[in-house]
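Okay, so chain A shows up in both of these, paired with chain B first and chain C after.
Coming up: the complex of A and B.
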C-alpha cells in the first residue's frame, strides 16, 4: 500500500516530470502545428454540430443551445486535462512499441515509487494547455449565453460533479490501460476514445437503453452530462451522490485491476 | 553481522506458457479450452553472494540467467524457494529495497531518448531522493571514471551504443546502490569500449564496495572482472567457485603442449586410450589427455620423444564452457 510520505514525494516530483516532458516535446516542433490543427478542428466540428442542430429546433429533451454548448466546453476541458497528464503516461504502456511490449516497463517497476502514481503522473503534454484554453473559452461563452446568475448550489454541485467526473475518467482509463498486462500489443484506450466521443452530447439526447449504458456501465455520460446538469440547475442531488459513489467504486476497481495486472506481469513476463 | 548480501535457497521459476496448436480448428478450440505447458526456467538453485563480491553469472542462451536476475531484482516472483537480497524479499519491491539496488540491461534503455543525459540524471536524482551535494559528488566521480563529460549535453538518440551504455551505467549508479545487477552490459560494444567499461566496473567496485552480479556472453568480461563464477545450464547450477578452478572441476582432461627438437614420426608413439593429438604444426604438438593420466603420459612422452619443451595446461575456459553448453556432458 502506498504510504503518505511516498505520495508526497511523487507530488514533489511533478515539476521535474513537467520540465522533462516539455524538453521531449520541444524536440519535435512539427507536432506542435499538427496538434494545433487537431485542436481547432475538434473545436470547430463540436461547435458546428451544435449550431446546425439548434438552427432547426430550440431544445431537445430540455437541452437548449447554451446548455449543450456548456456541455461541449466541459467535454473539451476534460479531454484536455486527460491529454495534459494522465493520458500520455498511460498510453506509453500499450502498443507494439509500448513499454510493456518492449520490456522498458521493467525500469518503471523498479523505481522506489508507487507504480500506479508514477505511471499516471510521469508524462505531461503541455500542448494540451491550448486545448484547455479553447474548452474554457467555449464554456465561458456558453455561460454568457445562458444569461442566468448561478446560485451557490449550482456552483458547488458543478465543482463536485466535475471532480467526480474526472475521477471516473481516470478510473476508466486505468481499467482500459490495465488490460494491457493481458494483451500488451493492443491499444485498449482507443476503444475508450471511441466511446468517449459520445460524451460530447447530453445523455438526454440518446435513446433510453443507450443512456443507461453510458450512465452506469461505461459511464462516459457521468463525466460531462452530470456537471452540465449541475450548472443548469436540473441535476437531482441524488445523482450527485450517485456520481461520487460511482467514482469511488470505479477508482477502487481500477486500482485493484492495475495491481492484479502488475502481479500478472511479474509472474508471467520473461 | 552477516555480510551475505544475497541469499538464494532452492530458487525455482516455472513459466506457464499457453500451447498454441496448429491448424484453424485447434486454434478456435484453444480459445475456449486453453492448454498450458509448464516450462521450468530455473530449477532449485542455491548460492550466497557476499558484500563487495563481483560474481559472473554464465550459461548458454535460455539457461535461466536473466530469469534469475529478474527474480533477484524484484521484477518477477519466484515459483518456489527462498530469496533475500540485503535482507529484503525482492518481489515485494519495497521502496527501501529499490533504493539500494540497480539493474543495467544491455538490450533495454532507461534513458529518455530525446533529451540530454544530464536532464535524465537530475530527474533520477530526485526520484531516488539523492541530496544535492551527494548527487554532484557521485556524478562527478562517475563522469571522470567513464570520461563522459562531453556526452552530458547531447540528446541520447544522437549517442553511439557505447556512449549510451556509459550513460546507462551512470544512471544506475547515481544513488549509490549497494547491489548492482548487470545483464549483458557489453552487448554489441566494440572491443575498446568493452575494455573501458570493464576497467570502470573494476575501479568502481574497488572504490565503492558495490556487490555486482554480471551476466555476459563475452568470457573476457567474466575473466577480467569476476574472481568467482556461477554457471547455470538448463536452469540448474552446474558450477559455483573460482574461475580458475572451473576448468579443473568441469573439464576431465588436460592439454599437453610439446615442442620437439626435430621432426619425428608419430607412429612409434603409443598413446593410451582417451588421449588424442588435437593439433600438430611443425615441431609443435598438442595432446589432450584424461586428467588422471596426465602425469604418466607426460613421463612416457619425455622418454619416447625428443622433447625440447613441455607444458601441462588446463584447457581454455571458452573450450570448457563450450562443451558444457553444447553437450552438457563432458
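Coming up: the complex of A and C.
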C-alpha cells in the first residue's frame, strides 16, 4: 500500500484503477456491442462527411481531402484518449446526481492523495482503446493518401504540437469541471463537448472571428489544427511555441481554479 | 376529449421542464452545434462562387432554417416514453383517465417551448451576422408549414414506435444510435440532399429521414420544382401513415405483455 505522502504514488495506483474500472464495465456486457456499433457509426459519419464535402470542391483554404482526413484522425485519437481516462473521472463530478451535487465527493476528498490527480486518473474506460485504434487507422490511411515524405522537423513539430494539444485539452476540461463547484447542477463538460466538435474541421474553414475565438479564447483549434498543420508543413514555428506557452498557462490556470473551487465545496446535507 | 386534463398536463410539465432549464439549454446547445459546423464549413467552401447551386447566402439560409426545424421536430420520446417504460414509472400514466399519448404530447409542447426559448435568440443573432439570402413567397411559407407539421408527426411517431420497443428489450439504444447517424447523413445535416453523391441521394429520397428535417427546409429555402414537392409530400404522408400504424400495433402488443415492474 502507498504511504500518505507524495503524488508520485498515485501513478502506482493506476493499475488498480484500471482493474476496478474494467470490472465495473464488464458487468454490463450488452453495452459492449452497443459501444462497438456506436464507434463504427461515429467513424463512418465523420469520414463520409469529409468525402461529401470534397466531392463538391478540391480544396478549402489550403486543406484538401487527405489533410482534412488526417485532422479527423487526430480528432478521433484525442477524443479516444480523453474517453480513456480523463473524461470519465471528471464527468462524474457534474450534474443533478453528480458527486458535487449529491455530496459523494466527500469520499474523494478523504483519500490521502492529491485530489486533482485522483479525480483525473481514477476512472478508466478501456473500450476507448478501440476508438483509439479506429482513429489511428484513419490517420495512417490519410497520411498514406497525402503522399508526402515527412521531414524530421515535421515529425518533431507534430509530436510537440500533439503533446501541447493534449495538455490544453486536459486544462480546458479541468476548468470546465471546476466551474461545477460554483454551480453543481450545470453540465459544463457537455457545453465543452459541443464546442470541441468544432475541432473536427480545420480552423481555416471557419470565419475569421470564430477562428480567433477557437484558437485563443476556447482553444479547441490548438488541439487538432496545429498538429495537422505540423504534418502538412504549413505550421509557423512561432505557433508551435505559442501553443506550448498556452498549454502551460492554461494548465496553471486550470489547477488554480480547481484548488479555489475545492475550497468552496461544503458537502451536501447538514 | 378531456381538454382540461390536457391543459393541466401541459402546464405541469412546462413548469417542471423550466425548473431544469439550464440542463435543457445545454442539450439544445449540443444539438445546434453539428448543423452550425456544416453551415460554417459549407459557406466557407462556397466562398464568392457557388456549389451545386448554393451560394454562401443560400447555405446560411438553408442551415439556419434547418437548425430551427431540427429542434422543432426533434424526437424526445425516447426519454418521455422509453425511459418511463424502462423505469416502470409509466404505471402512473397508465392509471390516468387520459390516453398515455397525451402525456408524450404534453412533454412535446413543454419541452419544445423551452428549447425554442434558447434557440430563437441565437438564430436571430446568427441571421444578423451571417446575412442569409432567401426570398419567401406566401405559397412557399404555406407549403413549408404543412411539411413541417407532417415532419414533426413523422419524427414523433417514428420515435414513438422505437421507444415502445422498451416493452420487449431494456436497451434499444443501438437502434437509436443508428437512427441518429442516418438522420445526420440523410436528413440534410451533413449537406443539403441535392449535394449528396448519387447512392446517398437516392437513399435519402426513398427513406423516411429526409422527410423528418430536410424536406420542409428545402421547400422554404431551395428551389424544388412542383413535381418534386408533390412527390415529397406523397412519400412523407406514406411514411407518416406507416409510422402511425406501427405505433398503434406495437403499443397494443406492448401494453398486453407489460408487467409493471418497479414503482
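Here is the rule we go by: the second predicted complex is superposed on the first by the 260 of 270 C-alpha atoms of A that agree within 3 Å, B and C clash if a C-alpha of one lies under 4 Å from a C-alpha of the other, contacts with A are read in each partner's own complex, and residues count from 1 in each chain.
Here, a residue touches a chain if its C-beta (ideal position, glycine included) is under 8 Å from a C-beta of that chain, and two chains touch if they have at least 3 such contacts.
Note that the structure is predicted; figures quoted are calculated from it, not measured.
Asks: Tell me the contact category for A:30 with respect to chain B and chain C: first, second, both or neither.
Replies: So A:30 only meets chain C here.
Asks: Report for A:110: first if it touches chain B alone, second if chain C alone, otherwise both or neither.
Replies: In the superposition, A:110 contacts chain B only.
Asks: A:263 in the overlay: touching chain B, chain C, both, or neither? Say first, second, both or neither.
Replies: A:263 sits against chain B, while chain C stays out of touch.
Asks: Is it chain B or chain C that touches the larger share of residues in chain A?
Replies: C
Asks: Looking at A:195, would you say it contacts chain B, chain C, both, or neither? Reply first, second, both or neither.
Replies: The answer is second: A:195 touches chain C but not chain B.
Asks: Quick one: is A:13 in contact with chain B, with chain C, with both, or with neither? Answer first, second, both or neither.
Replies: A:13 sits against chain B, while chain C stays out of touch.
Asks: For A:61 in the superposed arrangement: first (chain B), second (chain C), both or neither?
Replies: Only chain C; A:61 stays clear of chain B.
Asks: Looking at A:207, would you say it contacts chain B, chain C, both, or neither? Reply first, second, both or neither.
Replies: The second partner, chain C, only.
Asks: Which of the residues in chain A come into contact with chain C in the complex?
Replies: Against chain C, the touching part of chain A is residues 30-31, 33-34, 37-38, 41-42, 44-45, 48-49, 51-53, 55-57, 60-61, 96, 183, 185-187, 190-191, 193-195, 197-198, 200-201, 205-207, 210.
Asks: Which of the residues in chain C come into contact with chain A in the complex?
Replies: 20, 22-23, 26-27, 29-30, 32-34, 37-38, 40-42, 44-45, 51-52, 171, 173-174, 177-178, 181, 184-185, 190-191, 195-197, 200
Asks: Using the touch rule from the top, collect the residues of chain A that touch chain B in their complex.
Replies: Those in contact with chain B are residues 6, 9, 12-13, 16-17, 19-20, 23-24, 27-28, 102-104, 106-107, 109-113, 263, 266-270.
Asks: What residues on chain B touch chain A, complex-wise?
Replies: Interface residues on chain B, with respect to chain A: 15-16, 41, 66-67, 70, 73-77, 91, 93, 95-99, 101, 103, 105, 107-110, 112-115, 119-120, 122-123, 126-129, 155.
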